[in-house]
Structures are given as structure tokens and as C-alpha cells.
Amino acid sequence: MAVTIADRYRAVREATIALAAPLAAEDQVVQSMPDASPTKWHLAHTTWFFETMVLAAFDPAHRPVDERYCFLFNSYYEGLGDRQPRPRRGLITRPTLDEVRAYRDAVDASMARLLHSGAAPEAIDRTELGLQHEQQHQELILTDIQHALWSNPLRPAYRDAPASASPSAPPIEWIRHDEGVVEVGHAGRGFAFDNEAPRHRVFLEAFAIADRAVTCGEFADFIADGGYRRPELWLSDGWAAVRAEGWTAPFYWEQRDGSWWEFTLAGMREIERAAAVSHVSHFEADAYARWAGARLPTEFEWEQAAEWPLPGRVWEWTSSAYLPYPRFVPLAGDLGEYNGKFMSGQMVLRGGSCLTPASHIRRTY
Amino acid sequence: MAVTIADRYRAVREATIALAAPLAAEDQVVQSMPDASPTKWHLAHTTWFFETMVLAAFDPAHRPVDERYCFLFNSYYEGLGDRQPRPRRGLITRPTLDEVRAYRDAVDASMARLLHSGAAPEAIDRTELGLQHEQQHQELILTDIQHALWSNPLRPAYRDAPASASPSAPPIEWIRHDEGVVEVGHAGRGFAFDNEAPRHRVFLEAFAIADRAVTCGEFADFIADGGYRRPELWLSDGWAAVRAEGWTAPFYWEQRDGSWWEFTLAGMREIERAAAVSHVSHFEADAYARWAGARLPTEFEWEQAAEWPLPGRVWEWTSSAYLPYPRFVPLAGDLGEYNGKFMSGQMVLRGGSCLTPASHIRRTY
Amino acid sequence: MAVTIADRYRAVREATIALAAPLAAEDQVVQSMPDASPTKWHLAHTTWFFETMVLAAFDPAHRPVDERYCFLFNSYYEGLGDRQPRPRRGLITRPTLDEVRAYRDAVDASMARLLHSGAAPEAIDRTELGLQHEQQHQELILTDIQHALWSNPLRPAYRDAPASASPSAPPIEWIRHDEGVVEVGHAGRGFAFDNEAPRHRVFLEAFAIADRAVTCGEFADFIADGGYRRPELWLSDGWAAVRAEGWTAPFYWEQRDGSWWEFTLAGMREIERAAAVSHVSHFEADAYARWAGARLPTEFEWEQAAEWPLPGRVWEWTSSAYLPYPRFVPLAGDLGEYNGKFMSGQMVLRGGSCLTPASHIRRTY
Amino acid sequence: MAVTIADRYRAVREATIALAAPLAAEDQVVQSMPDASPTKWHLAHTTWFFETMVLAAFDPAHRPVDERYCFLFNSYYEGLGDRQPRPRRGLITRPTLDEVRAYRDAVDASMARLLHSGAAPEAIDRTELGLQHEQQHQELILTDIQHALWSNPLRPAYRDAPASASPSAPPIEWIRHDEGVVEVGHAGRGFAFDNEAPRHRVFLEAFAIADRAVTCGEFADFIADGGYRRPELWLSDGWAAVRAEGWTAPFYWEQRDGSWWEFTLAGMREIERAAAVSHVSHFEADAYARWAGARLPTEFEWEQAAEWPLPGRVWEWTSSAYLPYPRFVPLAGDLGEYNGKFMSGQMVLRGGSCLTPASHIRRTY
């Protein structure tokens, strides 16, 4: 029997609550850096998204659960009025976690009524967008709480350690692709964000791409070979960051008695040499590639090379800047702010990570 | 029957818990500015003080409740090793509030045993110092939480509003004092901090001092007369602050429909014209005094003029810099860091406020 | 008769001196912002480039004019050792302007000897690169001194005002281009920087491009229509800059009695409505295009559309990030740092401006 | 024959020009830190002081040499309108040095006419104040240019090295003073700034004071004994500065091959162990005193102990905050801003240095 949108709604929303379950109320309110958000804020913001984008638009009987929440939990939609500045989200001690949970329950009840009463197709599309949005925030909950727990000198763990990966990785194979005009971007009927479209043509010169991600062991070799002390390997802004911030290894790595350890959601652990390296910046990925005698793929090379189903173990940096596709048109109304206005000064990540919900991974994402 | 040190210990410690009672766990973990501390940190730090300064020194059987707490809850004692940087106290989500309460209970139990078993006089002196220290932190809990709640756009209240003060204040009377050599500083047997001693002589020129504090109504008159727009009323650094930070009124004041409102522990409330003004900086007090054709008293003028019992409604700024008295000798050992090393760049406040525990007010404080 | 490289060397070097001639010694030493350089530094740095990249490599008899100049006047070549930090170039009061002129004379004399004695082809290529480099700095001298003079409240002029442009601009015509695979990048024998190569293929979807630049009058219309107050017109980082820095017009514009004035090299002048607008950031260009119902061209659209000879009145923003072309290979040795390492976080400008030497403009630049 | 005010005016003004003589125009325009001023600015500001405070008030025929100079060269007088922000004084490349010299000449000519034509007593008092003010700036010219030359990696010298001091200093003798009420502050007929008055009584406890300044050799011993690594020697804010800014020695000191060198107006030179140490902050002086088992004197102890004539080799830190004396009344009018408004957050220096003009040293200064 088919999974209904109502089923999917409930499953995604429950998954979010399950992610927060191991955390204390105190863990969920703190903001450990300006770019991160508290767990409680994620819980409330994703709820606000459904309330504002679905209930307010399609449920005539809906009244705001609390009119002040739009100020507190709007992320960046200029069209929806003023809002709490992002670096000050950690000051929202009230509503408390219990009150935010009650907010979720109230919106979930209204959403269930709407979806069971035969919602309009547009309402279902918006609901699907809201679920994709919540899945993005599920990943952010984990990356943000990892930083928050790392910021505590006690270095508490979020969960137990998973079983180890295999002790060694196979040698890299280089997969060759011929030159030619190819179609890229999202096509077809499944969900995709507006910035994955429209499908369009690009010319690719011939290229080769590795068949697996770089491992922690390989990255440790890069460090041992002076990777963080050799300016010729780095982009200029990257080298400036290395010097200004004293980079000597990926963000969560620490050297202890000659070995590399890493802060993970399971606490401090020795790196696994065969596991894919993660938490590296675009600058570090670029420098590694130059050291290895290669370069980062463009986003379209990556997209052509991606096998389906995607392994999805780590997000992968490309050499492409985040820019609109030809004929890109943002969504209408306030939702047009979802993606379009961020298309400057960022590089494209592709794929997904072990923190990304599996149903959220697509080749064009 | 006399109040024993054990009775007094229990009373002070319970008063701290009572202060935190109206707050949610989330309220108690957040740090709203680098100079403030979370409630939970105050609860743990005052406990760490007894554990380190009393139990570790005088109870041979004592073992640290958790060895990592010295790093987390040491405030500034260089002699006791590295510690969590002050602006990062808000990142200590663990230990949780419940764990901190358990820490308090464990230390209280050990302290009770020690005090009931006939502690050495020095242990009792140290306990008394710890209680005075905890009373200082009781006041800080309230001032810090006031800032934290103010930082939340919802402006939640900590408590209900107290009954109003009388509608008008009597005219100021100026009390004259003759010139002469007087003795200042703490003398006698009651407790005093090391910086209140030694008692010594100063020469005071003749002066007059007002018999009551400045009221909110008087301060509103200063604002209405352009007080914040007239550089000639301000010290140079004060005027720089007025311009750089856009001061137009005391920190917690806001104008609404032509009236002045103030954020208090009871939430936003219209100012009471007859109440003493509070939360003004030294620069604002100095500018007000110049506007009123007066000046701030020196700390010794204040001390000479103070009537016993002190009304203690607001802390009062003096024109004196915070400097050591002649022949000042800090306490021995780590406690020597308690006061001495802060004697630079600060001005002297005298008196106490409605947030200061009554048993904590002295004429030389 | 052909222009020899020695002739060209002398002409370019003299042009630089002519640019500095209207300036006082004091004008030439000051650095008005961290990203700008003093005129005197430009004079010395371009000289250092010839000394290091040509004389040191190809003239066995050459000895450094002053060994300390490599530290002072190296711009960013990590391979050539430590150097004066860029934001501190304004602190180099010594060598004085006269000493820097003597430095230029000494290097010019050595270069003339080398070029007249039959220099090796590689030495001539390096000399040509140095001249192109000096032409880049000629433009920087003018843009940097414009900022320095603007920073002086007296707003002194560098030169007299040029004759006015025509009073009105013709309507914009949109030139259509069909879709297809095209070749882009530098090909052929004339000089080009390494980042203009290699020539490669890209697929362009059909597009149309305006036949002239946006005028000051059109930009003033954008402002009058609330362009700087409407977040929906801006990229997110652009809107953040508008708010954080209070942008209300292009950098050098000021409103006086209802008219727009602009600080130019000829001092403060009323804008000319028919003249091409300049000194706008990528964010402003992007917002203007969105307001006008268009978008910025990609760099390859721009390159396809460019007619030869280029008008070259203003640099034009494209929507392309500055990234390496496929198979891009930096120059060998220290010169490899010239362009490659800056390929991150910047957008591509194409064309040239009225400050760009005419012999320096190319379609692929 | 008596020295007339006109003679004295000419002598002080010529001394300023003589101080600037060894400097290039480029040296005189640069501002090497926000708190320093360019030499050219000092030359113009002291001239502006005479123009504004004397000529504008007492010479009915006087017209401003250039009306824009009041904006450029007013230091901090709020009553005289807006002015160039202090950290941007280095951007004033125009008027050029030659134009500033012409400004000085024009004002000097007017002042000479005024002083020879029988100026009013108040005009003469103001002239005397202006000369004292210019002598303060003579000292600032040297301290500011020392920082500017130090900021240049070439470390150029301003002048030749003076003859060495004697190789060893005599042992310190402690001069005892009895307790008692004493009179302090300026009395009598010679010139004094408003903040040296009024004369008033203070009570001093008995104290002893060293008969000579601390030497470089003694300070080097303090460093060798870990002075900069022992927090117990420092005030809290001082220790924070040591850690935040990485202090390991006085500002201009550098270690070379195990010896201490110092940047002086004669360039880098090895320290002379018997010479008085200079360029130490109040925090360093305080820490040194604590290390040596002593303390800094209060300003009144210093004043009582000072023998006349004062040796005046180095300014000496006291433990007194800079605060008004009892019954202090600032000068009337704009000159009231000269001293009064800076009375917060600073500590008192007493004496004078080898950079202070000899005729400028007083016991109460």
C-alpha cells in the first residue's frame, strides 16, 4: 500500500523528535557559534515553516499558536517581517523546550486534520517542501549539536560509537568520461528544490573522477607531508585562513601521543584510517587535491559521475561556485527566498553524508 | 539562642536555591553577555568555592566530587590552574542543572559534617568568607538573569511586581560635614573583606552630601533637559560611549508613547518617579551630578556620611577609583587573588541595593 | 618601423611616472584602507617585479639595489620569503619618494642594458609580463589615489574635469545569440595572462545581452525606486551588506540638495546621467539587473558578445565566479602565484575602464 | 634683561620646527596607530590653538587663514564643532607639509604683531597656555615619531646616539617621610595647568620612597626572574593584557643573541643597564614594584618626595587614579575641556622625561 503524505509527514516529524531525545534541555537551548542554531530553535523553526507556509495559506480556520513565534522562529524570510538576529538565537530561553514541544503537537494536529481532509495539490506540494526542509534541519541538528558538545571541555558524547569501518580502503580507481554536451539538473517527477532546476545542457571536456572518497588515513598522510605548512598547495584565501586561525588539521582533529583523534558524536575517538574524511573546508579539500596531483571535480562532472544509488557517506566539495542555472526562476512569493538569494560567495557541495536522511539524497542535490 | 555557623551556612545556601527556583533549566544555562554568568554556573561556582577553600583544606577525608569541576567552575584563581574562559561559561550544558544540584547536595553534606564536628577557627573563617562570597553571587544571579531575560524579545518576568513606592520623594536635604582628619576603613570584629581594611586616616575638606538617592523622576528630568545630548556634562570617555553606543537613557529604559518604561525583574513596567534610579553607569551618574550642579562624593565622604542602619536601596557611585588602602595586605595563599588584583581601572560603588542580601550590607563595603 | 620591447618598456615606465606627477610626496605614502596601496608602493613594487623576475634571473651581473626591498615590496609571492603585511604598506615612510625614484632609475638602466644587448626570448617574455603587470598597477594607482583623496575631508582633485559626455544615452538594444558550443579563452599569439587560457569549449544556451552599459541616470532611477530598500532585489549577502554598512547609493555618490554628486578624480561633481555608472559592487550590479528585469551575463556570454574593438569605458560585472578554466596550468616557478591562487570567492569582471591603459584591453581579460 | 612673552613665543615655536627638521615629508604625514598623531598634524594643531584661542579672541582684525582648518586640526573641543576623527588624522595628505609651514608662518606673524602691540593680560595668559600646550606636543612629536619609525621594518633612526650613561647605577636609598597632613597642588605665581590646582590638604601615612628610578638592568632582572610569566605579580587587567598581547618585555625591547636591545630615537641599540627604564605601562611598573617588594607611590607621596630641581629623566607612574582635586574648577569657556573631562580611567604620571622640554617641568605636574 502506498505511503500517504500524512504517513510521511508523521514519520519525518517523529524522526526529528527522536534525534533530540538523547539531549538534555540545556543542550538544546545553547548556541555555540553564530552560524549554528540551538536544537530547540530547529524544532520550532521547522514547525513554524509548516504553520506559515501551509496552515496559514490553506487552512482558513487556522489561528497562530503564538503570534510572537513568527519573530522568534523565522529564519531569513524578509517578506515575513523582522526576526530574531541569527547570532542571538541562543538567547531564546523562553518558550521552554516543553512549550516548543507543545507547539509542535498543536501544529501536527492541525496538519493531520488538513492532510486527512483532502488537501489541495498545492498544499501537498508545500507540505512535501516542508518535509524536505525538515530533513535538511535534521542534518543541521546533528552538525550543530556536534559543535556544541565539542565546545564543552568535558567533550560529552551524543551517542555510542558505531561499529568500525573496515580496516583498509581499496586503491582509488579513476573513472574516465568522454567530452560532450550533457544534460544536467533535475528532471522528472520526484521532488527537487528549485535550485536543482531547470534541466539544461553543458559541455564537459573529457575528465576522470575517483571512485571513492578520500580517507582519513590519506588525509593524515597529507598532514604528515607538511600539507598545512606549504603555501603552494593552497588558494590564497585558504592560506590566509591557515595562518590567521592556526589550522594544522581538520576542525575536530587533535593529536594525542602521536596519533590523530577526532571529536565525533560518540565523543573523542581515534581516527579510522579507512573511513571517509569529513569536516574539511573547501580550502582543505582543494589543497588536498592539489597535493594528490588532482583537482576537485566541477559540480556537473560530479553529477555525471554519480552512480545510483548514491553511497552518501560524505558530502563532497566541488570546484563550482553556487550560482543559478540558466533560466533559474525562484519559487513564487515568500518561498522564493528559499534558495535564490544565497547564490553568491559559496562553493557547491554535492551528495550527502551519514547524517543525511537516506530519503533525502538525490543525484542533483 | 545564637545562630551557629552551621545554621547560617544552611540558610545562605537555601536562599540561593530559592532564588533559582522560578527559572527554567534553559534560563539557567544561557550566558547573555561575556561579563554575565549563567545561573547554573553561579550555583556550581559557589559550591566549588567551599569545596576548594574549606573541604580540600580542612577535611582530610574529602575527595573531589568531580575532578573536572575545578576547570569548569574556577572563576579567576590563577593559582588553581587553567579554567574555562569567562565568555564561554554559557557553553557548559553539562553537567546539567540536576547534576549541579547533586553537586551542591554532596558538598553541603560534607560541610555539615565538618561544621558539626567542631571545625578549626580558620575553617570557620573560611566558611564565613564563602558565605559572604555566596551572598555576592546571589546578587549577581539576579542582575545576570535580569539581563538574560531582557535579551529575550518576549521579555519574560522573573517575578511579580512588588507594591509601588510612594508617589513622590521629599526634597533633597544637604548634610554638611566639617573638614578634618578622620578614620576610615573597617575596624572591629564583624566580617569584612580584605579590601575594607586596614583602618587608616584621611583628611577630608569640608563637604555636603545629599540625604537620599536620585529618583527616576529626577533622572527623567535630566534626560528631558538634553542630558544625553550635551557633551559638556560628560567625561570624555563617557561622551565617547554615549556616541559609540547610542545611549539616550539608562540601560533598561525604553520610551513608549511619551512615557519611560523600564525592564525589571517583574517585566516591562512604567518607571516610578519617586523610586531611586538604578542601572546607571559611573559616567551617567557623573553627568547627572554635573547637570545638577553637584559632584559625586568620594568614597570616604560617602563612608563618613553614611547613617547606620543603611537604607541600602541602591548601590551608589563615588568619585573614587578602586585602589588599595595604605598598608593593604591581601589574604595569604590563593585567596589573596580575591580582591587585590582587581584594583585598577574601576570606580568605587558603595552601599548595596534592593538585590543585596540585608545581612551583607556594611558601611565600609 | 616596429616598436621594440625596449621602446615599449620605456613608454610604460614613463607613463607610470606621469600618473604620479600631480601628487605630493605626502599623497603618495598614505594607505587609506587595508586593500589599497600607496602610490609610492606601486612605484617600488612594479620595479621590484622587474628586478626579481627579469634581472635576477637573466642578468648575471645584477646585484640587488637594496636587499631589504624584497621584504618591503613583494606583494604576495610566498616563494620569495616573508614580506610587509599588506595593511601595513602605509607605514613605509622610508625609503622616501626620492629614494624610490632612484630605485626605478637604477633598475631601468639595468633593464635598458639587458634589452639592448639581445636578451633571451624568455627574458623578453618576462619583460612583457612585467609591463602588463605594471599596466595593471597603473590602474590601481588611480583607483587607490581616488580613495585616498576621497578620505580627506577637503576632497582635493587629482586632475581637471574632462569634457562632459553627451547629455543622453540611446535606448538599450538587446543583441540575441543562439545556443551552441563555442570556444572561449585566449588563443593566438598576442600576450595574455595565464588565467585567460587555455582555450576551451562551453555550451551556451540562447541569450540576449544589452548593447551598452548602464548609465548613471538609470542607476539613479533604481535608487529613486527604492532599490536600496527592497530586500527582494538583493542576494542575501548583498542585503546584509546594505544593512550593516548603510548603503544607499554607489560608494562615491552623495546627495546634495536633491541632486546626486560623485567624487571623481576631478573632485566632487554632479553625476552625468548619460555616463556609464562605475564603482558599483557585484551585489549592486546584480540588484540593479534584477530590478531591470534582467540578469548579469556569464563571463562566456560576455566574451561572445564583445565586439572588437572594445569600447572599454567601464569594467563590467558578470555572474561568473573566478575559477580556473579546464586544464588551467599556472606559470612555472614563483610566477605561478601570479593568478592561480586567487581563484576563490571572487566574481569575474570583464572589459576595462577609462582608467585602463588602452593597450591593455583584450576580449578575454 | 627679562625674556618677553614675544621672545618666549618665538623660541618655543622655533624649537618645534627644529624637532621636525630631521624628518622627511613622508615621515610627517603617517599615523602609525590610532592614538598617535602625525608630526604634520602636531605642527598644525598647535598653530590652530593660537589662532583660535588667542587671535580669534583678541585680534579684531584676524581672519581665519583657512576656514577648513578648524575641522582638520581641532583635537577634541566639542564646543568648537565637528572635527576629523582622531584615528583618521593620517589621511590628511593635504594641506601638504609646505602648506602647513606657511600656516605656521602666517599665524606667527599675527601673533608677533599682537604681542608687540601691547596685548591684554588675558591674551598673554592664553599665549602662555598655548606655549605650555605646544611644549606638551613637542614631547608627543618625539614619542609618536618613535612609534612610526619603529613600525617601519627598516627601523630608521631619527638622530645619532647620545653619549652613554655611566656603566652602573648606585644602590637605591629609601628616603623616609613621617605621617602628617600636608599641602599639595600648585600654589604661587608660575604657570600651572588647571588640574594642578587648587592647593589642598591631604593626610599621608608614613612612607619611604626610592631615591632614583628603576634601571634597565633591574628591569631585565625582573624579566629573567619570570616577571612576565607569574600572574601573582600582576593586576588582573594587566595579566589579561600580558596574555592577550603576548607581552614578554617592555614595548620597544627585543632579544637578540641573549641580549636585550631597544628601539630608540637613535635606532636599535643594546640596553644600557644603568639607564632608567622607560616605555613601560602602568601594569608593568606595578608588577615590577610588587616583584621588588615595594609598591608605586601615590601621587602625593611622589610630590612630597620630589627634590627641586627635578632630575626629570623619566616620567614616573604613581598608584593614583587621575581625578579632580577638591574644589577643582575647569577653565571657563572652550578651554574648560582642556583637562577636566579626561578625569576617568587613567593613572597619574609625574615628573617628566628626557623628551620633555626642561622649562616645562614642575613638581605638581
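As written, the chains take the letters A, B, C and D, and residue 1 is the first residue of each chain.
Throughout what follows, a contact is a pair of C-beta atoms (placed from the backbone, for glycine too) under 8 Å apart; a residue touches a chain by one contact, two chains touch by 3 or more.
Remember, it's a predicted structure, so these values are computed and weren't measured experimentally.
Student: According to the touch definition, list the chains common to the neighbour sets of chain A and chain B.
Tutor: none
Student: Among all other chains, pick the one whose mean CA position is farthest from the mean CA position of chain B.
Tutor: Of all chains, C has its centre farthest from that of chain B.
Student: Taking the mean of the CA coordinates per chain, how far is chain B from chain C in Å?
Tutor: 58
Student: When the centre of a chain is set as the mean of its C-alpha atoms, what distance in Å lies between chain C and chain D?
Tutor: 45
Student: Could you give the separation in Å between the centres of chain A and chain C, each centre being the mean of its C-alpha atoms?
Tutor: A distance of 37 Å separates the two centres.
Student: Which chain C residues sit where two or more other chains touch them?
Tutor: none
Student: Spell out all pairs of chains that touch, sorted by label.
Tutor: Once each pair is checked, the touching ones are A-B, A-C, B-D, C-D.
Student: If you look only at chain A, which of its residues touch chain C in the complex?
Tutor: Touching chain C: residues 76, 78-79, 179, 181, 200-203, 205, 207, 231-232, 234-239, 282-283, 286, 295, 319-321, 323-324, 326-327, 336-337, 341-345, 347 of chain A.
Student: State the interface residues of chain A toward chain B in the complex, per the touch definition above.
Tutor: Answer in residue numbers: 24-30, 32, 40, 68, 71-72, 84, 88, 90-97, 148-149, 151-154, 156.
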